[in-house]
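The structure appears right after this line, and notes come after that.
Read from first to last, the chains carry the letters A, B, C and D; within each, the first residue is number 1.
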Amino acid sequence: MRHRWMTRAGVGAALGLALAFGAAPARAAGKGPIKIGVIAEESAIVGQSISQGAQLAAADINAHGGVNGRKLQIIVYDDHSSAADAVRAFQRAAEQDHVKAVVTTFISEVALAIEPWAARLHMPTITPAAASDLISKQVHDNYARFKYMFEGWLAAPDLARAVCDSSHDLFVKELHMKSAVIMSEDADWTKPLDAGYKSCLPKAGLKVLDEIRFNPDTTDFTPIFNKIEALHPDVIETGIAHVGVQPTVQWHDQQVPIVLGGISAQATNPTFWKDTNGAANGVVTQTGTVAGLAITPRTLPVAAEFVKKYGRFPAFTGFTAYDAVQALAGAMRRAHSTKPDAIVAQMEKTNMVGTLGRYGFYGRKSPYTHALRYGTDWVPSVFMQWQNGKQVCIWPAKLCPNKMEFPAFVKSVHMAAK
Amino acid sequence: MRFSPLVAIVLGALLFGVSAPWWLGAYFLGVFTVAYYFGVFAMSWDLLFGFAGEVNFGPTFLIGLGAYGAGLLNTAGWPIPLCLAGGALAAVVGGVALALPALRLRGPYFGLITLVAVLLLLDCIVIFAGVTGGEIGMMVPDVLSISARVNYWYAFGFLVISGAILFGLSRSSLGLILQATGQDRIEAAALGFNVTKHKLAAFVISALFSGLAGGMLTFYEGTASVDTVVDLSIAVQIIIAVVFGGRRTILGGVLGSVFLVLFDELLRPIGQLNTFVVSAIALLVILFLPDGVLGVLLRPQEGR
Amino acid sequence: MLALQILIDGFAISALYGLAAVGFTLMFGVCGVLNLAHGGIMVIAGLVGWWAAADYGAGAYGGAAIGVLAGLVAAYVTYFAVVRPIQRSRVIPRAEEEIFLLTGTLLWGIMIQVGSDYVFSNNPVTMRAMIPGVMSIAGVRTPRNEVLIGVVCWAAIGLLTLLVNRTRLGKQLLAASINPRGLTLLGFELSRIYLVVWTIYGLLAGLAGVLLASFIGVSSANAGALTASAFTIVILGGLGSVPGSLIAAYVVGYAETITAYLLAPTLRPIPALLILVVVIYVRPQGLLGRR
Amino acid sequence: MAAPLLDVAGLTKRFGGLVAVKDVGFAIAPGEILGLIGPNGSGKSTVMKLVMGIEKPNAGRVLLEGIDVAGWPTHRIARAGIGIVFQHSRPLNRQTVFENIKLALLPDSLLKLVAAPEVAARARAIAERVGLGGVLDRRPPTLPFADLRRLEMAKALARDPRVVLIDEPFAGLTQAEVATFSELIDGFRRDGRAVLLVDHNVKSVARLVDRVLAMYLGERIAEGSAEHVMQDATVRRVYIGGAIETHPRKEIDARGGEPLLDVRDLEVFYGKAQALQKVSLHVRAGEFVSVVGLNGAGKTTLFNAISGLVPYSGAIRWDGAALAGRSPAAIARGGVVQCPETRELFGQMSVRENLDLGGQHLAAGERDRQLAWLLDLFPILRARERQQAGTLSGGEQQMLAIARALMMQPRLLILDEPTLGLAPVILEQLSKALGRLRDTTPITVLLGEQNVTFALPHADRVYVLEHARVVWEGDPGRFAADMGAGYL
């Protein structure tokens, strides 16, 4: 009896020792490669593209000699799109794996949960897709504390501007449309987006008939479409990312006779046509780029590499993550350091040719400090339309000569023309 | 007096816990910090299930109330200690609300109600995403500390105190009476015990510790999210931790929690599939070792 | 016009809710098992059906058939790998079998969800409409597929009703739900009856998953929500009561549709939950449940 | 006689439409032991629950030392001074015997977390008194059955109740143990407590009680000394039935050869309680065998073992092959069909549906013939064909249960306690049907009964089961002479 629990105690001690040894290498963070953490949801294509884009950038950088004589190493963490998992992964990245910078998430709420941790742990952090203006607003309002956070994609107010600019050209000038309904999921990033829509769409020539916000859990969109149809708008300007497949398929199956435009993040996925069984035909959305489009000289080579390495064209986050890592590497090079404050100072000076346009951040005077610059001289923001299984670029006209095409049931095109 | 294996295990665990900050890296300290809070969840659940005999499938209802209650108060500008108290109060109110049907219903119906309570809380959080952050999570302004060590000590201290209180209660007169009411409420009443009063007490105690731990976890992580404190998968994790560690042992839940959290973390390199593997292991334990680890370790004692 | 629209829209979604719930309630009624891997099984059926139709080239109907089959296989695995070992275990105390079954199936459901996450990603997918196009019902434009789904759901429910009430096998199922011991004494093997129920259950869940994929789409992330929704409906209708579940499915379906039309789409799930809370406190056995 | 400690009057309890207890009253003085007897379903257990507050009475009063406690919650009644010893003991298995007794001594308080010091001494004293002094540190699962019953006694004693209710005090105990328990209960009398012993029959409690109250179908049928009640005509009719008739069939007795059913040395345990002890019996093809015995003697256990529903040791052979290892359903399909005491009808299905289920194993034509024959045998079922089985009267339900079993065309029909809770006029109909069954078909029947008058007329042979053992075997003609007096 007595020796029996002695063995048990022995087993316990062995377990403890194993833990101690397991933990020991963690302290020995030497002069090896410079580590960059990537935290995103691997099960989602948008998230997977983030880690793939980052890996690709690191491979390119390492092929050209690395950074300050050291290689870049990407460490990927899966956050299952949960704030808590993301924070836990962030802590692990900072404290256990000693990364020097973090590229994370396409969800604004997750980015907002990470932002205070970036501040607390002084970790240069960039989100390649989260669009909420709150992220950059916090940097603006409390620069000393939050300066470590960067938005590597257009903030929501700029996204709204892009939608208004393109809508003016595409829907008002070309199709003579007059009215729109805003249809957005209830999330942090759509609040500034909707506000932007409401202020700039009328200026662009589209009267806003209604704003419909819905639960991101919604699966049945029939009532929403019926409600919108009753208002007889010419176009539905969306702000959707959590949902995408379902509203698109139901729009198609129910033959809602109204153009579906705005921002539908899932529709930018190359797999969207297959996911919707072709229901995406005719859908217009804002995106980063489409296959075959050369926004800058870097766009096509990176896209080609991506297809070569991962077998398919990435979601737009593949490009933004690629650019984010390039920007971080550039900042480290210029700073000759991996110290957080030095990286941040150099990041702010970034002015490079990215894959989606000229890459740089708004300064401290802008209300959106550290958000990506929007504009024809910077990132122009491309609009695409699904046409017979292909993503076709339709705006801006300078880059995209293609015409819009709509399925026969979208009657609002002809009604407006008359 | 014989030196019981339980004492040896507890002493070993305490030694491990106290010495850990000197030889564990910051990150693993963080892992244990989370595991300790889960340990309190598990102990609170075991008090209700193992002693009062109430199968509560919704421990996360109580935890979520505590976490979100504390978080919302913090957003409103309250200091952390008051927020924790407020969150615990919210959880206790929730515990009483759960106890009311529990006292009227038998069999599967009570279990169902606890599940519905979680769904309801989940929907409320999603619907009022404006204040709660919805499915993604709510950021709270304050954290306990940003030092992994300090956080570890908070969690460890909280675990030891809660463990001592809950284990003490389970071995006290109240624990005896609770077991009697849990096993057969008619017989317990015939022995002169007011079953309603004692069950209510069990719910309140369980809710109090669940809510406190939920609030503490929120202020450790800086966020309260559905995925960490409300989701049914968390309830499952708690139940599994208890079943794995040993039902009706109170302390077994801590063992199970540490195992689950640690394993989930150690298996992180295999990527998305870590949850799959941990679930599979837990399923096997449930199928083949229903008495749990501590149950097996302590078993020889009974055969005297 | 609006009323008619609500009537038509609510009908199909309610029928789908009903179909997803009857298998679940039948399982509890006859076998006493609350299968918390329910949503996972539906998701598997939908995802495999989509895969077979889109990638494997089985076509809309072939994909649907393969999807239903996948649901059946998933149900069998649930039974043989999780439920039966727990029921036959010598080490699990009988009194605690219930909680072991619930945690076991819940764990298994998580494994299904994470596994299909891994294989299919959590992107929502939709199966091609079996009959594309729209038709006009009293002036309301309705997709033909939605009509088809309503018809198929009710055909399946009708077949199930016929099976239970009109066939010898059905009588055995009914008898097993009332008094399993009595049935044993009449020389019927309960294990065979349980296998039959799991088969019916697998087919129903598979069909519901496939229809769901073609109506509103499925994603591995839906697994928990689908279980919860079936569960809510079954509690509301009364555990084990098939007609109760159907009534509850329509109550929930229409409550949601009406809210979405008349109040706001964001508030959609609220009324159904409020009804549920009231029912639980006032009539915990559900609308048609027996205690 | 001293003023009664417990004074019950006009106690009535209805469950839905069923009146389980109707206007029952009794009084127990300090130091007095009252036996409350009645067959299963007579309402005696309900009376006990009403006194203890486990069920709430619809009418009547329960005076404890002059205070009406009727309708109080159980724990208040317990605090007021009534203790109960349950028949099925459910101790806390993870705690020691000492802790189990200590539990019963604890105050009903949330705040007193540590037991008062005198509690331990009290617990030890009580343990000594009931004979558990040597096993204080053991855990209940390791204790023999009798000690578990002692533990129940100890728990009831802990509260020092003025009134003690004891349910089936001697069930499952050996003769030697019965003696020590009798002594223990007698001790309660000497303490000046009022004791209510609840049991199936007078015989087991006769030596102990001062008075006996007999119940049947919820009503009091007799009261008085044990001898008086045993001689009471109504009581005898309830337990034994009227005059015993027998109709021996000579040709059956002459037939020897291999028995169809052969039970050898059958032993069954429920946990630690022995329900059957070395029981052997056999039934030959075409025979009508009755097993008589009071409730709790082990009849149902015997039949359940034959049907494969409970695990057993010993051998049960059917038609020359062992039944062990076959599923209950397979045994039923093999021709051994049980019509259980609980009837196990499908309450929400119609009479016809119940019968059809029984006949599902038969070919279509055969099934129709069997159904027609059975509806002739039980004409009342023809009239009720579309009615839900659950809404039938008790007698009709019993006939349906028998008919449903017969739909399977059994080679051996096991009938367990068919008379349970039935009115005399129904018994007569049932008896006639059995007679016709015996005389017109080659069926083999194994009947278990408490009611001797019902069991004997058709029997070819009789076994008497008492206290888990077969104590007598013979032909019905000799039963009255050998067993008639000692049966009750």
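The criterion applied here is as follows: a residue touches a chain if its C-beta (ideal position, glycine included) is under 8 Å from a C-beta of that chain, and two chains touch if they have at least 3 such contacts.
Here the structure is a predicted model, which means the values were calculated and not measured.
Undergrad: Applying the touch definition from the top, give me the chains sitting in contact with each of chain A and chain B.
TA: C
Undergrad: Decide which interface, B-D or A-C, involves more C-beta pairs in contact, and give its chain pair.
TA: A-C
Undergrad: Using C-alpha centroids, which chain lies at the maximum separation from chain B?
TA: Here the answer is chain D, farthest from chain B.
Undergrad: Could you grab the centroid distance between chain A and chain C? Build each centroid from C-alpha atoms only and quote it in angstrom.
TA: It comes to 36 Å between the two C-alpha centres.
Undergrad: So the centre of each chain is just the mean of its C-alpha atoms; given that, what is the distance between chain B and chain D in Å?
TA: 45
Undergrad: Can you work out the whole-Å distance between the CA centroids of chain A and chain D?
TA: 74
Undergrad: Starting from the mean Cα coordinates of chain B and chain C, work out the distance between those two points in Å.
TA: Spacing between the chain centres: roughly 31 Å.
Undergrad: Residues of chain C that contact two or more other chains, please.
TA: Residues 117-118, 266, 269 of chain C each touch two or more of the other chains.
Undergrad: What parts of chain D, by residue number, touch at least two of the other chains?
TA: none
Undergrad: Residues touching two or more other chains, restricted to chain B: which are they?
TA: If we look for residues of chain B contacting two or more partner chains, we find 127, 272.
Undergrad: Among line, ring, star, complete and other, which best matches the way these chains touch?
TA: Drawn as a graph, the chains match no named shape, so other.
Undergrad: Pull out all the chain pairs that touch, please.
TA: A-B, A-C, B-C, B-D, C-D
Undergrad: Could you pull out which chain C residues touch chain D in their complex?
TA: It is residues 168, 171-172, 174-175, 178-179, 181-190 of chain C that touch chain D.
Undergrad: Applying the document's contact rule, which stretches of chain D touch chain B when the two form their complex?
TA: Checking each residue of chain D against chain B gives 52-54, 73-75, 78-79, 83-84, 86, 90, 92, 94-95, 99, 102-104, 106, 108, 110, 112-115, 137-139, 141-142, 155, 158-159.
Undergrad: Which bits of chain C are touching chain A when the two form their complex?
TA: Residues 5-6, 9, 13, 53-55, 117-118, 121-129, 132-134, 141-143, 145-146, 216-217, 219-220, 222, 225, 256-257, 260-261, 264-266, 268-269 of chain C touch chain A in their complex.
Undergrad: Which positions of chain D touch chain C when the two form their complex?
TA: Contacts found on chain D: 307, 309, 327-330, 332-333, 337-340, 344-349, 353, 356-358, 360-361, 404-405, 408.
Undergrad: In their complex, what parts of chain B are in touch with chain C?
TA: Counting only chain B, the residues touching chain C are 49, 55, 57, 101, 104-105, 108-109, 111-113, 115-116, 119-120, 123, 127, 231-233, 236, 239-240, 243, 272-273, 275-276, 279-280, 282-283, 286-291.
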